[in-house]
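Both of the next two complexes hold subunit A, though its partner changes from subunit B to subunit C.
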Partner chain A sequence: MELQIKYYGMLAEISQCDEELLNFDGTTGADLLHFLIQKYPSFATKDIKVAQYNQIIDLGNKITSSEIALLPPFSGG
Partner chain B sequence: MSRYNRQIILSEIGQEGQDRISRAKVLVIGAGGLGCPVLQYLAAAGIGTLGIVDFDVVEESNLQRQILFGVSSLGQNKALAAKSRLLDLNPTIQIETYTDKFDEYNSLQLLRDYDIVVDCTDNFETRYIINDASVIESKPVVYGAIYKFEGQVSVFNFENGPSYRCLFPSLPEKETIPNCSVIGVLGVLSGIIGTMQANEVLKIVLKFKGVLSGELLCYNAKSAEIQILKFSKSKSEIERITKKSSLVLEGGRSSGPSMSKNEISFRDLKDIDTVQLVDVREPNEEPKIQNYMGLTVPFRELESRLDEISRDRTVILFCQQGLRSKKAVDLLRKHNINNTLSLREGAYGLIKLNKIDNDG
Partner chain C sequence: MMDKKIKNVFREGAISSEFIANSIAKHQVKTNIGAHNIFLGQVRADELDGKQVEAIEYTAHVEMANITFHEIREETFEKFDLTCMHIYHSIGLVSAGEICLFVFVSSPRRKQVFKALEFVVEEIKAKVPIFGKEIFEDTTHQWKVNQ
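Right, the complex of A and B next:
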């Protein structure tokens, strides 16, 4: 299915866009991360949270929304 | 008092709300980009007791966003410089300053006297220590963090709600996430995020509904977009914290400097009665040591009072957190007084030692 993926923080720098449309064939949040790491290998070094319907999900959960947000931790202050 | 009139006339606050604000005790950890606006608004609103923790000094590159400071504060400790500015803004409140680094040794003690903790730090190590200490001490943490043009705000550990570790369970590998001094930050962003943190503090104090517990607010300064993402509590993460015997971070990594050969830990301090203890703090500094029998020589007086330092007994120097006492050891060794060691955990180490002795 076609997903609109929004990237936060340094993930947007790695992908060089704030959001993008991608075709995703997998099922879970973990599948999605695995899929994105193929596209952006440096995602593998980040602790990334996946959110759908404005809810951060366990990576084992099914992706059912077509709008996804991905976020890393920030530490600046 | 007319000072608080504009907020007292809000029917949701009133005199009762103002009384809550003036009874509140809030500890702000970090007086930098986030801490400055947090402190400014909380002091202005009349929070009765503000604690400020920062070991760093004001540098010129801070002035772009750290709005409590000016040219006259350059080189001063941030907690002390913030206090003098805030007392001008509102002399009716109590302000406590802590000029040592917040770490796994002093965290629990520092948190104990406050109702709410505000995390305004700039590094992951301290954020995880704040989180774990707050879970252990059952204190809510108002969290803010920034990255370039984006910010995050949340409230952790609020009325048994989720903690930072429920969101991000472990400390990231060092160097995978750069901080502001490396990548830069938009000054106004720290103002926006810090002001949102101050707002959450007031919501908690005033018992308003809608505290950002279990919710991570994500703000983008370029698009002016806000997205609030919900997240759940992880019981196993909370248990992992409460079962830990110490706050030393995973992998044995600690936020403090590693032990040097000029230092000693209170755990290795034997025969305390045979050593000379020297407190190098200023006389008014906390915590006080009960039944203290040693010398008190503030660091700045040390060089002029060398004759009081024992030459034949082991001399253990301590301060609040082991930084000044380390400098003191270096200074004494320059004068060929080599029988000296700095107490790694500072005054808190001595307090722990007293407790162990008293409890048998």
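Right, the complex of A and C next:
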């Protein structure tokens, strides 16, 4: 399926874009992360959270939204 | 008093002393309040390899962040006896020494506001998708991570 992936913070710096459309044939959040590490190897060293519908998912959960956010560690406040 | 509408917590750039003072002044009509507690997060000029942080540039997953702020508000109102609560966070560039987070809780009595404020600030640090880029005086940068 075609996913719109949005990158935030240091992840957007690595991908050099805020968002992109990618074809993804996996199922879970972990599959997606694995797929993106092929494209951006340095993602492997980062602590990344995957979010859909404005909620962080467990990596074992299924990707059901066509819009996914990739979030690095938070540093608000 | 619980507000169900999702508010925009973000303010472009630093949160000014005038804004904070006005916010305090607005509460003078709410005479059931007996205690306010305020947290101000300030950008620290950390040093790394002899270079100083000059500013932090904040970005965020704004939609998700506002929803998360809303959930934190709701949970705080459930846990503590508060009259009102206000949260403002900067987005964009904030220089060292300037305020980037303003949390304001009010209650009839003091004990609730001490506990509530700590809870809110810790929840914000842990749960809200905001990202700070620490910019050094030589324009290099590093990404801040909350401890």
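Quick note on the criterion: the second predicted complex is superposed on the first by the 73 of 77 C-alpha atoms of A that agree within 3 Å, B and C clash if a C-alpha of one lies under 4 Å from a C-alpha of the other, contacts with A are read in each partner's own complex, and residues count from 1 in each chain.
One rule holds for everything that comes next: a residue touches a chain if its C-beta (ideal position, glycine included) is under 8 Å from a C-beta of that chain, and two chains touch if they have at least 3 such contacts.
All figures in this text were calculated on a predicted structure; none of them were measured in a lab.
> Identify the partner contact of A:Tyr40: answer first if only subunit B is touched, second if only subunit C is, both if each is, neither if none is.
Touch partners of A:Tyr40: none, neither subunit B nor subunit C.
> Looking at A:Ala51 after the superposition, I want to know if it touches subunit B, subunit C, both of them or none. Which is it: first, second, both, neither?
Both partners.
> In this superposition, which partner touches a larger number of subunit A residues, subunit B or subunit C?
B
> Counting only touches as set out at the top, which of subunit B and subunit C does A:Ser75 meet: first, second, both, neither?
both
> Which parts of subunit A are in contact with subunit B and also with subunit C?
6, 8-10, 51, 54-55, 69, 71-77
> Name, in rising order, each residue of subunit A that touches subunit B in their complex.
Subunit A residues touching subunit B: 6, 8-10, 18, 45-47, 49, 51, 54-56, 69, 71-77.
> Within their complex, state which residues of subunit B touch subunit A.
Contacts found on subunit B: 30, 32-35, 119-124, 127, 144-148, 150-152, 167-168, 170, 172-173, 176-177, 179-180, 183, 185, 190, 216, 218, 220, 223, 227-232.
> State the interface residues of subunit A toward subunit C in the complex, per the touch definition above.
The contact residues of subunit A facing subunit C are 6, 8-10, 12, 51, 54-55, 69, 71-77.
> In the complex, go through subunit C and note every residue touching subunit A.
41, 58-61, 63-65, 67, 89, 100-101, 121, 124-133, 143-146
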